[in-house]
Each structure stands twice: as structure tokens, then as C-alpha cells.
């Protein structure tokens, strides 16, 4: 294949190599909760892109000196599987992966309400299973959904897409061939509810008109992706009906939560008051204690020092 | 990152108590496997790929083939090389960074089973003896760790290999060596043996198969056996600090052999689709 | 003067506009000028002059006064680090652990609580600049021995307890177990017979699975009563 401009990426009728028109997104699907161990996760398929985002956190940060005293650190780690591209990618972290990790971290930091969790880290792991152009954007789209799934408080959800130039025509959502053979590429991360751009790059040669058109087209594309994100998140809980018993009958107060806690606390204290009496009847606990005590009785003093335990009273 | 896994005494007693009743926390008996799901051809850009789930444990294996020089001492053989990554994506107990011991062990144990069983005839990967061979990279990524990574890893690698397609290579001239990869002409990789790995885990005096994460963590020892479809033992690796008596080993190899048949069944079912 | 833009009990996501005007607001809501937005995925709750978004999922955040079940993960010279299932590990200092004074020269912390011990504790302080502090030197607190442990989402604990304890008391009664629920989502169960303990655990898991459905209390009662009859036959 020859260099840029000589590969026909879009024909006279406006049809691209993969059959799309200039303002069409690739078929996109998002699934939530794909990594069971994670606090939140999402898998995105955008055309041939298959990318998993998994969120762990907020959680403690090690080493502790890296923690921020007044807010959470957002750390995004973008990695491509060796088999995600045509020519096997070396497993060692590349500079490109490090740069993309940083871009994603920055974008997500702008929307996460980090001051709610000082001294913690919120880690987002991105694994590209298959790459076909626009992976940093698809990753950001998936990461936002994963963070929402994890219950991390955010000002808004970011959707991202890369538009660019194919045979000098501005097209939406470049796939790999267009990315390689086109003459311009502009990845953009945008939050529609805030009207904020948090990720923005460009490489190629654009006139000012093309620049504006590309930006507008990407914003439009991001809004469509946002609808997919919204539907996916809301669908997940579509079958939930409001739990009437516990919440509805409580009095409306500004400290509603505290009141609920008081009820719960009362119940727990009641439980504890009951415990000691009930314990005397049980056989099992004593059996278990016999197994454990021998280890501890090596120090004669120790049983006295121990807490008034369940079985002792 | 990389929290230490701490399991409480209460949880340990619970598991041990259940074992005494030939039961486990999720209702299985000691020799029972969780639900196995195998999906092949997951990644089109890879020459071969498979995602295997055993319960909530999930691993993806991808095969990439590149042309290269053979090793000097085996000029007529292609090369297979196996790697595994325990990414912190899959567990709060995995650490970032280059593959640590656990990942290396997983890769090497998987590699051993495949290589020693001659699952693939490496001579068939030779294009020009002494000069050009296919190098097959078997790369595995754990997508969720809920115990028993060893069995899932071999299953994923074999399923990926068994559905791998490699392009034909046209030799244009031998001296100087000039070749052309015929991308459109794909040939399935020939599999000579359908190897399966089964790991037995020891908790106290009990031996179980397919532990979940907690059971895996509290196990004292494990042995991974590789078997081919002719019921021959092709590889073996004992792991962790615990020990086995010779009688236990002989018993366990037979139990594992028995289990290997149903795992192989799942493998064959998945690759024949 | 205020206008609520979302129906009560609708699922909202971060960034959704909830209301405009002047209102009292609680968890899951952020205010910008006179506009109120959701910060999480959750159930929007409109209480008239008070709005909030109830999280359907999320880590436990410690509050002073909470009773929580912790797992000791580290033993220090004069303190223990305890995992309570929150983003922050809790600290139990020796002075808050025992009624008798702790002497680091003579006393060995490991003999009081060791790594892996499950303890019932109370949070006495927590602000975002310091790790939560917990105590075990009050009546009823301390190491839990025997029994079984089950973990659920902290957000579902109120459902497991039920209005004024109706749900949890029913489970205790019908499975003949004692149950301690920690506000951090951890629940400890102990019964005379192991079958009873396992039944209680299964029931709790079922409650969590169906936490947001209606008629749950009746279904649970029926499920447990039927089992009772079976056992008595």
C-alpha cells in the first residue's frame, strides 16, 4: 500500500471501506460487570475493538507517601494484549501505552469527585483484547462506565471518539485502516452533561474549516456514545423497584441516614444484650474454643487479659 | 495494589468443616468442577484465541505466529513460547509490573504440558531448515482470578492452538532467502495430541479439584498433571510448601487422570464447533 | 421555589440533572448554582423539600458509632490494622482494645488478636484525614469465635435487618441462630446446629439477591417455615 492520500478510503457516494457513511459510528456495545473481582467493570466493543476496563477502589495506596492528603489519586493503566494487533505487540510496556495511560488518568481525574476519598487511589485497568483504531477513545468510554458501576462519585460521564480525515473528508470514528492511511486524526473525550472536553489530541494536517468540522462531528458522535452508556447503566437496574418497607415510612429529615443508622444501631444493641444469655446453651462454640485455646494458653496470664468474649459471660 | 490475602480462622474452619462432609461452600463435592465455558476465535486479529471460564475464573489465550530463525541446536524445528500475565485487572491481589514468580510458574507449567506431549509437531512449523521457521507465541492473560488458574490456562492455550490458522509461506528464492506470506491462504495448525492439565489441591488431609479463590489460597500443596488423549502422563509439577507421600501421589495421579477425560471432552466440544 | 426534574425512584446516573431551585440535598447529589445533579448510579429519592440518590452499590464508608465486623490483617507492637471493608483500614490501638492497661514490654499484641481474627468493633472516630479508629473494650465487643461469616453489600444491610428488625429477627427465630450484622456488610451467624447456620446464611444471601423487590419478607418467612416443617417430619 502506498502512502497517505493514495488509498481510497471513501468513494464518490460517500461510502467508506467498511460500508459506513462519513458521520456513522461503528456498531458499539457495552457490557457491565464482566470482571467479578473488580469493584466496577465494563467491556466495550466498538467495531472490531474489544476492550475491558476494570476499576478497583477507592482503596489504600501503597506506598503511602504517594497518597494525596486531601483527595484520591486516579491511576489508569492502559495495556494492549500481544495478540490484539496484526503484528504481535511486545509484552513490555511501551511509551505509547504510558502516554495513553496518562491521558486517560487526566481525563478521568477531571470528572471524579476525588475530594470525597482523600489518601486513597482509584485504579482503572484497561486491557485491549483486540485493537482496530480509536482504542484510547473506546477505553475512556468503557472506563467511565466502569467507574459508574463501581459507585465512584463523578460530576459526569465521559464519552470519547476519534474523528479525522479520510481522503481529505472529515469522517467520524476512524477505524484502523483510516487511522493508518488517512491524513488526520483527532481523538476527543467529552462529557455531554457538563459540556467539557477532557481529552483532546490531534495529528495530521487540517485546515481551520476541517478542524472545526472535525470537532463538531466528534462532539456529535460522543453524544451518541453517551446515550449508549446511559442506556447500559440504567438497564442494569431496570428491574429494581423501590424498596418500600425500610425507606418510605421514615420521616423526612436532613439527617435521614443518621436516623436510619439509629434504628439499625438500636437493633444491634438489642442483639448484643441477648447474646450472653444465649451463648450458655450452645455446645459448638465451646468445642471450637477447645481447639483454639491450647495454642494461646502458652502464656498463663493471657486468658485473663483477653476481652470479655461471647462465651465467657 | 497487591494486597496480601488474609483469610480468617472462621472462614478456614468453615471450609475444613465442609470438607469433612465431602462438601464445599458452593455445594460441590470435592471432585466436582465448576461450570466450564470455552469460546474460541475470540480475537480475529490473532492467529488463534480462546477464552476459558471455570466458574468465575477467566483466562484468555491468544496465539500469534511470526517468522524467525530457528534455535541453532534445532534447525528443523519451529518454536513455541508461552507467557502469562497476572494483571491487577483480574484481582486485588495481583501486582503491577513485570511477570513475577506466580505468572512465570503458570506459563512454564502450561508450556511443559503442551511441549512435552508434542501436542504440536514442531517440525511442521519449519519452512526453510536452519533459516526460517514459524515462531508461535502463546500469550495468556488472566481476566478474573477465582482459583485454579492452572487448569484454565492449559485449557485456554490448547483451545486456542487447536483453532489456530497460519498463513502459507511461499518461498520465492532460497539464496538470498525471499519469502511471501500468503495472508489469504490459511491452514489450520495440526494438533497431534490433545493435552489437558488437571491440578489436585491439598487442604489438610483432603484433596480437591477446582478450588475457588479462598480454597486455592488456603491449600497447602498442589500437583498439576498433564495428560494426553492416550492417558499418558506428559508433565507434572508440585507447587506450594506442603508435601505428599508417595502413596498420595499415586492416588492423585489416577484421580486426576480420571478427571482429565471430562476436561478433554469440553475441549473437543469447543473446538469442533 | 424549586422544581424536581426526575420522577421519584427513577434510576439516575452521574451528571443527570435532578432539580432546580433551593432544596435540601443528601448523598449522591452535587449542587452547582441552583442546579442539582446526581454523582452516582442510584435510585433518586424525592422527599418533598429533600432530595438524594440512594447508591445501589458501593464501598462501606465508616461513621463514628457504627458497629462493624473487622478482620485483623496486621499486628503491630501496640496496635492492630483491621480490614473493615472500606477504602480505609481501621486502627485498633492497644488502649482501646482491652480494659486492662496494655504494657508493650510485657504484653504481646498477638495473644490478644492475631492476623485472621474476626472481631466485632465500634468506630469511634473517622475523618478523611485519619484512618478510622475502632475499639473493642466495651461490653459485647471483641473476638468472634466459631460460627460462620457472610459478606453482603453494605447498602443492603438495612434490608436484611428490616423495619425495626422484623426481617432479621424472623430469620433468627426460624433458623434458631444468633446473628450479628455489622454495618459494613459483614454478618456473623452462630447456631446450635451447623445446618441451622448454613440455612441462615442461605437466607441472608437470598435477601440480598432480592433486596429491592416487594413482598420479600413474606417469601422469606414462607421459605423458612416450609423448611421447618420438613425438618420436623
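Read from first to last, the chains carry the letters A, B and C; within each, the first residue is number 1.
As a working rule, contacts are C-beta pairs under 8 Å (C-beta built on N, C-alpha and C of every residue); 3 or more make two chains touch, one makes a residue touch a chain.
Everything numeric in this text was worked out from a predicted model, so none of it was measured.
Between B-C and A-B, more contacting C-beta pairs join the chains of A-B.
Most remote from chain A, judged by the distance between CA-atom centroids, is B.
The geometric centre of chain A is 24 Å away from that of chain C, both derived from CA atoms.
In terms of their C-alpha centroids, the spacing between chain B and chain C amounts to 39 Å. Chain A and chain B have Cα centroids separated by 29 Å. Within chain A, the positions touching two or more other chains are listed as 59, 288, 292. With touch defined as above, residues shared between interfaces to two or more other chains in chain B number as follows: 9, 13. For chain C, residues touching at least two other chains, in rising order: 144-147, 194.
Looking at the complex, you find that chain C touches chain B at residues 71-73, 83, 115-118, 144-149, 188, 194. Contacts from chain B toward chain C in the complex involve residues 4, 6-14, 17.
Remark: chain B residues 1-3, 9, 13, 42-47, 49, 56, 60, 62-64, 66, 83, 85, 87-92, 96, 98, 137, 139, 141, 143-146 touch chain A in the complex. Listing the residues of chain A that touch chain C in their complex gives 39-40, 57-60, 69-70, 111, 113, 117-120, 148-157, 191-194, 230, 233-234, 236-238, 240-247, 249, 252-254, 256-257, 260-261, 263-265, 267-268, 270-276, 278, 281-285, 287-289, 292, 296, 299, 302, 305-311. Those residues of chain C whose C-beta lies close enough to touch chain A in the complex are 8-9, 11, 13-17, 24, 26-28, 30, 37, 39-41, 43, 45, 47-50, 52, 54-59, 63, 65-67, 87-89, 97-100, 107-108, 111-112, 128-129, 136-137, 139-147, 157-159, 161-165, 168, 178-181, 183, 190-192, 194, 211-214, 217.
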